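One chain, subunit A, links the two complexes that follow: it is found with subunit B in the first and with subunit C in the second.
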Partner chain A sequence: MASVTDAELKAMTQEERVTALGMRTEQLTGKSLYVEFDPDAEERFTYPWAPQVDFNKRTEIDTDEMTTTEVNSKIRALMEEGYGTIVLKNPRGKHSVGVGILSRLNLIIEGSVGYFGVGLIDGPNVRVNGRVGWSCGENMMSGTVVVEKNAGSTFGAAIRGGDLVCKGSVGSRTGIDQKGGTILVGGDTGALTGFMMQRGRMVFCGNAGKNLGDSMYDGTIFVGGEIQSLGVDAVEAELTDLDKAWLTRKLTQYGLMPEQGVDHFTKIVAGRQLWNYDNLEPHEKKIVL
Partner chain B sequence: MAGTQYRGSEITDVDQFINDADGLASEREREIGQHIGYRYDVNLVPDYDRITPYLTKYMEVMGWDDLNWLEDIHMGYEEGIPAVFDRNNNGWVRIPDSISLPDNQQDRDMIARELLLKYQMSDRHPLATLRKAYMKF
Partner chain C sequence: MCGIAGLIHKGKSSNVGGEMTAMLQALKHRGPDSTGYAVYGEPNAGEYVMRLKVAEAEDMDKGHGVFKMLEDRIATVENIMSEHGVTVRSKENATPYAVRYVLTHDGDTADLAEHIEETEGVEILSLGNGLELIKDLGDAADVAGLYGLDGFSGTHGIGHTRMATESDVDIKSAHPYWAFPYNDISVVHNGQITNYWIMRREMERKGHRFMSDCDSELLAVYTAHNLSNGVSLEESLRKSIDEIDGVFTYLVATKDQLGMAKDTMAAKPLVLYESDDLIAMASEEVAIRAILPQEIDTYDPCDEEVRVWQA
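Showing the complex of A and B:
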């Protein structure tokens, strides 16, 4: 595998690359699945393939006459050239802008974007000066996204990591299927927020709509205002000192700290009454055995 | 009635799943022969007073003011051995014996974050090979 250079791999078809990298000769039987960390691993901070960008190297893209694909391709090309701060002008509500950025970058969007903006990202810091449509930051892995105005529904759908911030209000089903990360909202959130949430944290400085945290499996929701109603298996929990310190830090970081502090926040967690898996398994095992 | 009540057990000690790999504490867990739920507190938020120099440097390089996605990384316990779940590999990565474990979960989580980060950023990570073989663009 070590004898094949990147240039040689590039000239091959995918099938040839897979063979050359030894992925067809891998032992499948009797193989240990256990992997152990190397305590002497080198201290690196970015993925080996990530472009080396400089935050101080800045450029602008006027997206007015460009398609979404052209915009996203241009961002990648500029990152390869080392640009670490990219400003998008005239986004005009384009959908799927800035998706799939997998390394460090400052992305500034001057205006509003449409559906699925900055989804599937892993590392960049994004600031949107306008509004965003549905599913902003969906499947986000890491990084920060700050939206200065309001956001649509399913804000942060299936987010796995990072900080997703909306300084205005958001629609319904915020953080549906959230699997990690933090969603911070300066205003209100709509119905079915945190539906089927699995882990991670949500903070709402304003009010929450009906069925908050419905069928949540794990994770934490903090609400500063009124909660219209709780969903199935969402229950109130005690706000600890560690929670308060974390809330204070996070809200201050994004300029969302309420004047009255964080003591008034209500903490919502899973009641764990829906942890039903394996309930029938003993009976099934008996039948099979 | 089946499927209407959680009958798992609470985590009471930081070494609970090292001393007792199965972790069958409640009656329900003993009945089904399986621990219910995670072997660590997924809702535990990090204590920033315990952050390590390497993690501080990482935050600086990425332009973040906090641990960001690493806030969700905890040291878990798989089959009685401390390990960390790697989402990029969809599997557990074990902590070597040569690393001594602190006596509290917060410090253990910081170690877990460091080790996972170094592993993910190395050429040794399976994603590096997969990327070479299957990268589309």
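Showing the complex of A and C:
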């Protein structure tokens, strides 16, 4: 801040001083950065560099003898050629399969994949006929992922958008740091589910492990079964008609609708007791004061 | 990071050596420093198998005189064995520093083991009727090749590929650990134990010995301590979740059992496959797929989950 002299700083009010020093003073409400998606904005649906693919053009890759890098490069090459439906055969627990796909694609994985499966995606519709390992759909931005069997821990870590569906049960820390989108699970979830989640929704038709929604800032968790225990600052809220309508619609869409309907779901939200947001970090304060 | 794997065949023997090698080789990326096996063969009545190392792999670089030193140590061990009235049925050296004895002995094997370990540089890797504990530097294929493990027939086994984090890259810090001096018990571990020194001092006060500074050794000693006090394997695994701090998933094998325990945070991975005749588990599914290429159903055990399977 060489452009501001000490004398000038002294003459300013506190508000002007921190602004001059390049620090934010606006109240952080937790929603200030939220941008609603505008369906009219055509250009937002795809990246300008995304390949034009045709869903009716279908091909298969036998991944048995290939490395992860070869599989992912092959997917990209096929998308460049315009293939819109790609089937991966024999993945046999390979890690990081189908990561970083940033355009429309119909990806079908026939078998089980390892860690970080279809992470960092923005747009594709993925179906996994087997099981996925840890951190499936990590940081996904949009699109859908449907896993037919079980999933490992940190399912949908830090996801920001799209629908991430597991028809079986998932491990621990599901949706940790979730920032948007929807996670739907047909079975149970492990401990510390929704740890520090910030936005978005999670639905579990089965039971939830201990410390559900620990330190969650915002967002909503719906649990159909038993909750072993709630985490710090996670509280039960009333299930509204709007929630029920949304649950019915989402669960029906993926064929996960329980026989007894959705009235038995428990809704968990942030208790807002940990919302002690301050404008400045302590070390920044020291500089100013 | 470390990778662990285990499998148990129900009521029959199989090529456990080959299967464990395939699984551990698939986990090589989780830890390339050293690889270890604890495999359980078919025991011959009255016979014990003892595996020991008389030096570290790196000692072999010391050059002139090292072979003389190793021979002296082996001679000392053999003297002690004859003092205890042990009959050696056979002796094999896979490497100059690793020796395998098949022996018969009527007396107390714990007493024998303690006496043998008084010899400088000598560590008993395993002693038991069925247990063969093999560990060395390098990946699974290297170790299996060196010790001739492919084709080893047995009922169950556990294994480990190590990425050294808390202690050195050497054989004494490699897994699995034998639960000295209790026959046929071995442990592999993935994780970090944060109350290691507190627990180690407690175990040392109770008279248990530690050969390395590796935190995983504690789990072997802890298990041995519990089992010697009449606690069942399942109870011991359950108790460990309360008493041991840190993040861990570990496997324990005994003569006819295989058990697993996962810490309260479920921070370390394990994937389980169960069928009527085979149970296989590993840090990553890719290892299970190395022996079961067909489509299978697997799942992740939850936090604080404890399981024990019978061979």
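The working rule: the second predicted complex is superposed on the first by the 233 of 289 C-alpha atoms of A that agree within 3 Å, B and C clash if a C-alpha of one lies under 4 Å from a C-alpha of the other, contacts with A are read in each partner's own complex, and residues count from 1 in each chain.
As a convention for this text, contacts are C-beta pairs under 8 Å (C-beta built on N, C-alpha and C of every residue); 3 or more make two chains touch, one makes a residue touch a chain.
Note that this is a predicted model, so its numbers are computed, not measured.
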Could you say whether A:111 touches subunit B, subunit C, both of them, or neither, answering first, second, both or neither?
-> second
Kindly classify A:209 by the partners it touches after superposition: subunit B alone (first), subunit C alone (second), both, or neither?
-> second
Who does A:167 touch here: subunit B (first), subunit C (second), both, or neither?
-> neither
In the superposed arrangement, which partner chain does A:272 touch: subunit B (first), subunit C (second), both, or neither?
-> first
Looking at the overlay, does A:220 come into contact with subunit B only (first), subunit C only (second), both, or neither?
-> first
Which of subunit B and subunit C A:200 touches, first, second, both or neither = first
Looking at subunit A, which partner touches more of its residues: subunit C or subunit B?
-> B
Intersection of subunit A residues contacting subunit B with those contacting subunit C?
-> none
Touching subunit A in the complex: which residues of subunit C?
-> 264-267, 269, 271, 284-289, 293, 295-300, 302-303
Interface residues, subunit B side, partner subunit A - complex | 2-6, 8, 31-34, 36-38, 42-48, 54, 57-58, 61-66, 68-69, 71-72, 84, 87, 89, 91-96, 98-99, 115-124, 128-129, 131-134
Which part of subunit A faces subunit C closely enough to touch in the complex?
-> 92-95, 111-112, 114-115, 130-131, 133-134, 149-153, 168-173, 190-192, 209-210
Where on subunit A does subunit B make contact in their complex?
-> 1, 6, 9, 14, 17-18, 21, 23, 33-39, 41-49, 55, 104, 106, 123, 125, 141-144, 160-163, 180-182, 199-201, 218-220, 242-243, 246, 249-250, 253, 269, 271-276, 278-282
